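Read through the structures below before going on.
In what comes next, chain A is part of two complexes: it sits with chain B in the first one and with chain C in the second one.
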Partner chain A sequence: MSSIGTGYDLSAAQFSPDGRVFQVEYALKAVENSSTAVGIKCKDGIVLAVEKLISSKLHEKDSNQRICNIDSHIGMAVAGLLTDAREVVDIARSEAANYRAQYSAPVPLKYLVERVASYVHAYTLYAAVRPFGASVLLASFVDDKPELYMVDPSGVALGYNGCAIGKARQGAKTEIEKLKLGELTCEEALKEAAKVIYVVHDEVKDKSFQLQMSWVGTNSKGRHQRVPEELVESAEAYAKQSMEESDSDDE
Partner chain B sequence: MSFYEKMHGIGNGMVDYQFNCHRPGFMSADYNLNSTSAMEPTKRTTQPSVTGTSVIGCKYLGGVIIAADTLGSYGSMARFREISRVMKVNETTVMAAAGDYADYQHLKGRLERMMISEQVMDDGFELPPQAVHSYLTRLMYQRRSKFNPLWNTLTVAGFKNGAPFLGSIDKIGIAYEAPTVASGFGAYLSQPLLRRAQEEDPQKFTYEKARKTIEKCLQVLYYRDARSYNRYEIAIIDANGVRIEKPKACDTNWEIAKMVKGFE
Partner chain C sequence: MFPDGNYGLGSDEISTGTSIMAVEFDQGVVIAADSRTTSGPYIANRVTDKLTPIHDHIFCCRSGSAADTQAIADIVAANVELDGVQMGGLPLVKKAAEIFRGYCYSYRDSLSAGIIVAGWDPKEGGQVFTIPLGGMLVRQPFSIGGSGSTYIYGHVDATFKKNMSREDCVKFCSNSLALAMNRDGSSGGVIRIAIIDKNGVERRALLGEEIPRFYEG
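Let's turn to the complex of A and B:
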C-alpha cells in the first residue's frame, strides 16, 4: 500500500507512467470505506437499500438520510464521503429542476445520469479540484420501465440490473447475482435487499446499523419514496430469519 | 441608452459618465417608461392578451370551494374554450387565476417547480395555503413595483390545521383574506350573493349550501358576463385534501329570450 503512486498521485491532472489517474483511484477507495448501498431492478420497479451505520446512540434515528429524492420520480442512494455526495445530490436536483423548467416534463433518467456523470467527471480533470469521493445509485420507473444507474467518482455511468457500492460491494454483488432479477417483484425484492444488507454487514467491525429502504415502481405509482415502516420491518424480519436459518445450517 | 452603457462608455452614444454626469438632464432622458423608442422593444406588460374572467370562492363549515369557467378570451372572441384556470398547488392548497392566461401559466410553472423542490427535501413539510398566499403577494407586488405586472387577480384557497383559508391577490399586490372572494365580474355580480348566503347563518353554512350558492353564482355570471362561458371547474378543499372536479355546465333557461323585442 505504501509507495503506490509516488509522485504521480498528487493531482488529478497527472497520469502515471502506466496510464492510471491515482487521484481517481483514491477517490474510489474513499467510497469503499463507507457502508454498503444496493440497488435491485425488479419487474415492476427498483428497490434501493442502504446499511446506515450508527456511530453514536445519541444520533436521531432518521437523520443523515443516504437515500434522497432528486425529483418526484427519481431517487438516489449514495456511498462514500457524505458531504461530497451531498453536492452530487444538489447538482442532480438542480439539473432535474432545470430540465423541468425548460421542457415542462420530468427529466428522463438517462439524460440526468449523463449530466451528473459529466459533472463528476469534470472534477477529475484539473489540479485545482479533487474528484468527488462518492458513488451514487440512481433509480426511476417511468412508462413501466425500471432503470437503475450507478455513477462513480471517475464519472463512469453504467446501467445495471443489480448494483452494490461501498465496503461490502463484492459480497453484496455475489448475493444479488444469486437472485432471479427478471422475475422478482418489488415486494419480494424488499426482502431480498434487506437480506443482502444483513448478510454483508460486518458484525465484528461495525456495530449497529439502521436499514434504510426506498422504492420506485408500480407500488408507489411511479413516485420515489421511502418504503412504509411496516414493509421495512417485515423485510428485516425475513432477513434476520434467513440469517438464523443459514447459521443453523452451518452448525 | 441605459445607465450601464453610459457608465461604462459603451453602446451607440458613447457618452462618458465620468465627464457628463453633472450635466443637466444627463440621466433623466433614460426614464422614458412608456416610450417605445426605435432602439428597443417594450420589455414590460402593457396589456393582457388571452384572458380568463371571474373566479369565485367561499368558505363553508369544514372547507372552501372555488370555481372558474374554462374560457380563455381573446378580447371579445371566445377563443379557447377548454382551458383550466384552476391549479392544485399541493395537498392543502389550490390557486385559480383571472386575467392574462400566459401570466397564469408562468405562475403555474413557478409554483409547480417550487413545490417539487420543497418535496424533494423529504422532511414531511409542505407549504401551507397562508405561505403560498404570502409568496404570491410578494411576487405580484415586486412585479408591480418594477412596472411590469403579472396581469392577474389570483385566488388562493386551502385547508390547513382544521381551518379553511381563502385569499385574493391583485396585479398591483393588493392582498387580503376573506370568507368570500370574487374577481372580475364576479366581484359585482356574485360577491353579494355569496355574502348574503354565508352571512344568513354562518354556523350552518354547509358544503351543500355553499355548493348550491356557487353554482347559482356561476349561472348568473354566464347569463350576465359577456366574456364568460357555460363550462366551469370547481375545486373543493377540505380535511380530505384537494378535489378538482371535471368540468361541468350550468342548466340555463332562455325562455325569456322570446319576450325580448328584436331577439330573433
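Let's turn to the complex of A and C:
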C-alpha cells in the first residue's frame, strides 16, 4: 500500500501534492519494523509490556531496556529506532525534572505528553533534521486515575484505553479489543498482556524474545516499576498455556 | 533619625505599607487587608484594594512596593490562566504560589514584595501560602504580613484556634487587622475582606463604625 513520493519525500519541510509529509510517513514505517509494545489501562493502573527481540545470546539479559522511568510516577515504553527513542526518553525526563524544580510537584501526565509531543512535532517541520523514528507509550496512575497516552513520530498524542505499537500492532490491537478493559485489574492484565505478546510474536521470522513488563497503579503504590519476577513468570506461564490450548483447539 | 526625612512613615516610593492576613478554614480561606497606600507621609490612596485576584478561586494579598507586587501579580495571573486552560479545570493554589515564588526568588535583589497567596482548589481545599521578602515559600494555617503585622504577632498567636468556622475566621481577621491598623502608621483606612470557597468569592468591606474598636488610650 505504499506510494512513491518521488521528489516530495526528500525533506520534512515539503508537502506532497496530495497533502502528505512523506518523511513523517517513512518514520512511521520505521516504527513498524520494530518489535511490539503494548499498554493496557485497567481499573487500578496501567500495564506496559514489550516483546524484546534477542539478537544475540551474548547480550546481557536486562540491558537495553525498552521500558523506562520518566519520573517516579510515569513510565514510558518505546518502539522504533531505539536510539531515536533514547532521545525522546531523555527529553521527557528533562521536562519532568524541570517541572518538579519549578512547581515542587510531580508533572501531570497530560502536561508532559503535550510537551513531548510538541518536541517530536518540531522535528517534522524542518529540512535540516529528520523526524524521530520512534513511537512511545506513556503511563501514569495519579489520584486513582490511570492514564495511557501514545506519541507517534508525527507528534500526534492521543489517550488510550489500550494501545499497541510496532510490527504486530494490528494483531495486538485486535487481541486487546477482546478484553473488557474497564473491568480488568492490573493483576489480571499482566496475564492478558503477556498473552497478547506471545500471540502476536512471529515464531518464524523472529527467534527468541524476552518479555519485559512494567506497571504503575495501586499494586505499586502509584510508582512506575518493573513487574516482580514471579508475577512475570506466572503471566508467561499463563500465556504459554493459552497458546497451547488454542493450538489444540485447531484440530 | 530617619535619613529619608519621613519620620519612619515609609519611603518616598509608593508602598503598600500594609497589614494583610489570610486564614484557612474547613471549606476555604478568608483573606483580609487594610486599604492604605503611602508615598512617604502622604496617603496616596486611602481606599486601596490589596486583595488581587489571580484566578477565580485564588487571590493574593500584596505588601511592599505597589509597583513590584502589581507587576508580579499580573504576570502570575496570566501564567495561571494559561495553566487552567491547558490542564482543564481549576488551577491549584500551590501552583500559583510556586509561580509567585519563582519570580520573587529569582529577582529577590530587585524586588520589594511580601505576598500571601490564598485560595481554594478541588484537590486540597482551602490553602494559605506565604512568600516573604527573600522568596521563601511555606504553607501555613494562617499568615500575617506587611508592616502592621509586627504589632499583632502576640495577638494572633494567642487568639488563633484550629477548626474555626467561616464567620469566626472573619472575626479573627477583622479584630487582628483593626489592632494592627491602629498602631501602624502605614496601615489604615477600611478593612477589606474576601472569603473564597468552592462557590467562588464573597467580598466584604468594614467601613468606619464597623471596624472593631479596642483600647484607644
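Things to note:
Note that in this section the second predicted complex is superposed on the first by the 248 of 251 C-alpha atoms of A that agree within 3 Å, B and C clash if a C-alpha of one lies under 4 Å from a C-alpha of the other, contacts with A are read in each partner's own complex, and residues count from 1 in each chain.
By our rule, contacts are C-beta pairs under 8 Å (C-beta built on N, C-alpha and C of every residue); 3 or more make two chains touch, one makes a residue touch a chain.
Here the structure is a predicted model, which means the values were calculated and not measured.
Of the two partner chains, neither chain B nor chain C is touched by A:T185. Of the two partner chains placed by superposition, chain B and chain C are both touched by A:S104.
Once the two complexes are overlaid on the shared chain, A:S234 sits clear of chain B and of chain C alike. When the two structures are aligned on the shared chain, A:N69 is found in touch with chain B, with no touch to chain C. Annotation: chain A residues 104 touch chain B in one complex and chain C in the other. Every residue of chain A that touches chain C in the complex is listed here, in rising order: 102-105, 108, 110-111, 114, 143. By the touch rule above, chain A contacts chain B in their complex via residues 65, 68-72, 93, 97, 100-101, 104, 226. Those residues of chain C that touch chain A in the complex are listed here as 86-88, 92, 94-95, 98-99, 102, 123, 137. Interface residues of chain B facing chain A in the complex, by the touch rule stated above, are 109, 112-113, 116-117, 119-122.
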